[in-house]
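Have a look at the structure that comes next, please.
Chain nomenclature is as follows: A, B, C and D, assigned in order of appearance, with residue numbering initiated at 1 for each chain independently.
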Amino acid sequence: MPDLIEDDPRIIEFDVRTDEMLVNMGPQHPSTHGVLRLVLRTDGEIVSETEPHIGYLHRCAEKIGENLSPRQWIPYTDRLDYLAAMNMNLGWALTVEKLMRHEVGEKARHLRVLISELNRISSHLVGMGAYGLDLGTFSPFLYAFREREKILDLFEEACGARLTYSYITVGGATADLPPGWLQRCEAFLDQFEPIIKEYHALLTTNAIFVKRTAGIGVLSRAMAIDYGCSGPVLRGSGVDQDMRRDGESLYTGMYDGYAFEVAVQKEGRYPRDHSYPTVPSEAVLGDCWHRFFVRMLEVVQSMDLVRQAIDRYAACPEPLSEPLKLFEKLPVGDAYLETEAPKGQMGFYIVGNGTPIPWRVRARSSSFSNLSVTHELCRGCLIADVPAIVGSLDIVMGEIDR
Amino acid sequence: MKGPGFLESIEAAFPGAVVGSQLEALDPWIEIAPARIAEVCQWLKSRGEPRFDSLQCVTAVDWLETDPKKAAKVSWQPHLEMVYHLWSTSARATLVLKVKLPRWSGDVAGHLPEIPSVAGVWRTADWHEREVYDLSGVSFSGHPDLRRILCPEDWVGYPLRKDYEMPTEYHGIRCR
Amino acid sequence: MAEFLIGLGLPGWVAWSIAALVAAVLLLNVIAGGALVFIWAERKIAARIQDRLGPTRTGGRFGWLQSLADGIKLLAKEDLMPEGADGLLFRLAPYVSFCASFCAFIALPFAFDVVGQRLNVGVFFVVAVLGLEVFGVILAGYASASKWSLFGAMREAAQVVSYEVPLGMCVVVPVMLAGTMDLVTIGEKQAGWMSSWYLFHDPFTFIIFWVYVTCAVASVNRAPFDLAEAESELVAGFHTEYSGLRWSFFFMAEYGSMFLVSGLAAVLFLGGWNGPVPVARLLGFSDGTGESAAYVVRLVGLANLMGKATLGVLFMMWIRWTLPRLRIDQVMTTCLKYCTPIAAVMFAGAMFWQLFLPGGLFPGWGRPAGEIREGWLEGPGGLPAAASPAEDRSSTVTGGDPVERAGLATRSPR
Amino acid sequence: MTGMLDMDIIDISTLTHVVPPLATTLAALPALPIAGINWHSVLFLLFAGLACGFAIAVVAADNVVRMALYLVFSLGATAGLFFLAGAEFIGAMQLMIYVGGTLVLLVFGVMLTAQAPLVSIKPSSSDRTLTAVAGASLLSLLLTAAFSVDAWRGPGVGVVPAPSATPLGMALVGVRVDEPPAGTPVGGRVGYMLPFEIVSVHLLVVLVGAAYLARAKRRRTPRPIDALASAMPVETVATAAPVATMAPTGRSAGGAKSALVGGGR
């Protein structure tokens, strides 16, 4: 066979030049999580180039932040990553407390760990269910939402809302937990433990699921760091980084005394390999399967944290610390803090100028950077792989477009 | 080699690049001359100790007091401030770089201030800088694909500027 | 039927046309009725699998009117046609697809001799017509003038055409065992206890049954192989632009061919109308003992076959709601690298088994050797044996189907 | 025209208990002389009309995909003719090979290439007249040849009532079971084994050739677009020092600090 150099004239007759087609996947598309438009350049079934177009859900929350006091902006943080609103509130509250050098009481600290880890479980459940939908199986989605409903009921008891809570605020939380809440939370965790094995059996070890995800969309370690990916996407590529352990001392102080391991593959092994299924042979570190598996491990990890938080919270005698006043004077200066949200590192930056209204508010979203990798991952894959890859990044458009 | 020695190492590597610094602030930061930001970032990423291999966030803060009464009492001149938050995965250390830019290049309203792009250093800067260009109106020279990312392509104005006026209608849709 | 109408005094040709019409409408109702039941069943099964209730309010306790409600909704919905669509093809596609899947029912027997038209090439005809359904999908894909439908149509065409190969190979094994392609004879040969089913005839046919199930699910575009209307990638594949009645025809064609494929599996491998226990024979009913007995036997046979076919359809629904979807290249590799080679090897295996162990491993299990060989080779040199006295089917021209005359003519299900 | 194939050579007695194959059912219909309709002729006319009509439609249509569709209906009608003539095996073969196989690929090919220029092919008027003349001459040649065969001119021989495929199949593997001409020794007549084998080998060759032509061409230099993502330039990647693994329990080691300040705050 002659050596087929690109500009070899004979190549024309050999290579039937099929013209490439530009296809719009989205913005109204069942498998883009929210309003994302992916322009695919396809050559038959092979996708040669992908370009995400975002901005359909842009509300310029940062501009509004320049007209409201930090406590008034809390409801806007709910709408950033609406699947993990508690973590968003926590991130903003911690940033403002960092600027104002305000320390929260022990009880509030444990309450925050308890609530944010519970919200991580519900966010990962949505991620897992939606990913099953992207790959064509509908049932796991409903199993995941059945469990998430129970968590939402707990949140509803705590703060009255099921999706946009505005519960964790600057200086603590808006209200203390109702009596009996801890027992109900404990009961939920007890019945949730065996269900995790169901999810593993249904998806993680399912032969077709492995075929559709193992070795697809491999994100190399260097590229993950360079594109600023974070959270399960980064840990799925083997980078041992978790803001709850490596972050600012104000944030890691919150997890002081909690025992947990970062869910990342070190030397080819995941921590605490007891009941988890083994990694399939085709799975390459950094592919969709690993990202999915890291999320499943984090659900178990968060359950442990919630149990520890319940004991510590119950052991705190003093009442919950009062949140700061609505219009508290902000010191001059700026502060930036990244917290470990379920989707990745969620950064908030606030610039104070002495008045209660911040001068500049900035939200650095994890899905924004996670999504920017799509054009690298989807190069040369099949059309059916694009939803698999975008689904594995677990993006939320509210957070990306702000 | 963290701590005060770090600042000296940068000044040694790039004499005249470090314009100012503030070590006592909540997040200590260094101010870099606008023209040298790209080289400093490249050095920080590949040769500095510790390696800052991850850019967390790029922000533009518009220092302009629109209210004339307050403007009189204010100590700073109206300017645009670029804030880069860097992160080292190996040493788990943060670093904040600041760059002062004129609000409009040559003080002619409409001409965007120029700053070298760091998209070549960290790929994540590509999208971050596009967002800063889109919302705060800073043009990055050397950026591979400088287009608006959040607002529609043909949107006029830069929303996060303090003196931004929302257009009354956009393609027949009433905005205000 | 026709004689009865002629008896009523209708002119001959009117009687015959009405008889043909009645048969056609009956078959149409099998599909329509089947579709109605399966739509409801799919919703209920999906619900049960997903730990929820499914339709409960529409009509009575178990929401059994849900299919009717769907039907009315589809009738009431506006039949849109995209602007750039090719009018003729767009309108024609669903009916082509539906006719193909309806046409195959003609040769499918529902009980002994209860069949639309008893074709001697029954199996071959069904497999041939099953391949025609892809036309409706290709035309729909092309005519909808949308990129997504084109993708769906491409995938469907590639998948169905390539799955016809292993499907054909799997179908050949029971044909080889029975010695004829006539579905009624194949079903008839599996009469008696469950052990006489071709599924348990030998290990090779057992494996080939499962290969058949995979290929059938793939050629009907269901469950892990439903690439053509993969909602997560192609929005809704080839019927993205369809709505209302036209869409319901595609839906009906899908359920029709699902029922057909499981009916074929029942006849070929699971003994068709012969139940696991030959109830009719044990109770003494058989064709010979009078008209009403024959009717009862056929009724029991009908119930058996419908039961098996419905089990097949429920199995497909069960798979659909548990397994994720395969990618197009994985579907192709399963077809070319797994189904076809396995089918070929099993076919060879079944052939050698039939050659060396026609009577089955232990006596009384398989078919008596003599009867099978006699069925094939009409004695040395292939000369047609003298027509057996019991049944002289063909009058002037000798020959005729040797198998017909081999000991089968007695018609009594054993 | 209707009486061309009269059907009364099959007596009605066969219409007893067993439902005979399709052809004999139709053939055995009482061909009433008066207003009765000879179903066999009606259906024959129907199918023949469909086949010819759609054949003309194929020629007359200008949209490529419509041409392919009409060809499908035309060949489908021919399959109907085969069934009508009692050759069920050939009818099913026609359906599967032509309509199910060839035309699916033809429509497949047409769809892949049916971009704007090809979709509507409008022949110029001079082409039309030229083809009309050529067509007419060929048609007349065909008709004269057909009518010159005396066997076809008289009334039809009638429908062979035994359309079973088994003798056909056995003939293909060399065992002729249908009417042996007088005087041939028993088993002496060799079936069609040789042509059958030749055809199958021929098809195998075609298959291998097609697979060879359509094989994926391994290109030495990948096309610029699909350069692999992992080929990231190395030097921009910082040599991440081995990350200090944190002890699983106990307080986190003071968290991140600013590089400028150094000591923990």
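Heads up, the rule we're going with is that a contact is a pair of C-beta atoms (placed from the backbone, for glycine too) under 8 Å apart; a residue touches a chain by one contact, two chains touch by 3 or more.
Please read these numbers as outputs of a predicted model, since none were measured by experiment.
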Touching both chain A and chain B (chains): D
Interface with more contacting C-beta pairs, comparing A-C to C-D: C-D
Centroid-based (C-alpha) most distant chain relative to chain A: D
Distance from the mean Cα position of chain C to that of chain B, given in whole angstrom: 69
For chain A paired with chain C, centre-to-centre distance based on mean C-alpha positions, whole Å: 48
Chain C-chain D separation of Cα centroids, rounded to whole Å: 20
CA centroid of chain B to CA centroid of chain D, Å: 65
Touching two or more other chains - residue numbers and ranges from chain A: 223, 225-226, 239, 241, 246, 248
Shared interface positions of chain C, touching two or more other chains: 154
Where chain B touches two or more other chains, by residue: 27, 53, 89, 92, 94, 96
Chain contact topology (line, ring, star, complete or other): other
Contact pairs between chains, per stated definition: A-B, A-C, A-D, B-D, C-D
Chain A partner contacts - residues on chain D that touch it in the complex: 112, 217-221, 223, 225-230, 232, 236-238, 240, 243, 245-246, 248-252, 254-257, 264-265
Touching residues on chain A, where the partner in the complex is chain D: 3-6, 14-15, 18, 41, 46, 48-49, 218, 220-223, 225-226, 239-241, 244-253, 255-257, 259-262, 266, 271, 376-377, 379-380
For the chain C and chain D complex, residues of the former touching the latter: 11-13, 16, 86, 88-89, 92, 113, 115, 117-121, 124-125, 127-129, 131-132, 134-135, 138-139, 141-143, 150, 153-154, 157, 161, 164, 179-182, 376-378, 380-384, 391, 393-404, 411
Chain C to chain A touching residues, read off their complex: 46, 49-52, 147-148, 151, 154-155, 224, 226-227, 230-235, 321-330
Chain B - residues contacting chain A, complex: 25-27, 53-57, 59, 61-62, 83, 85, 89, 92, 94, 96, 122-124, 126-128, 131, 135, 148-152, 159-160, 164
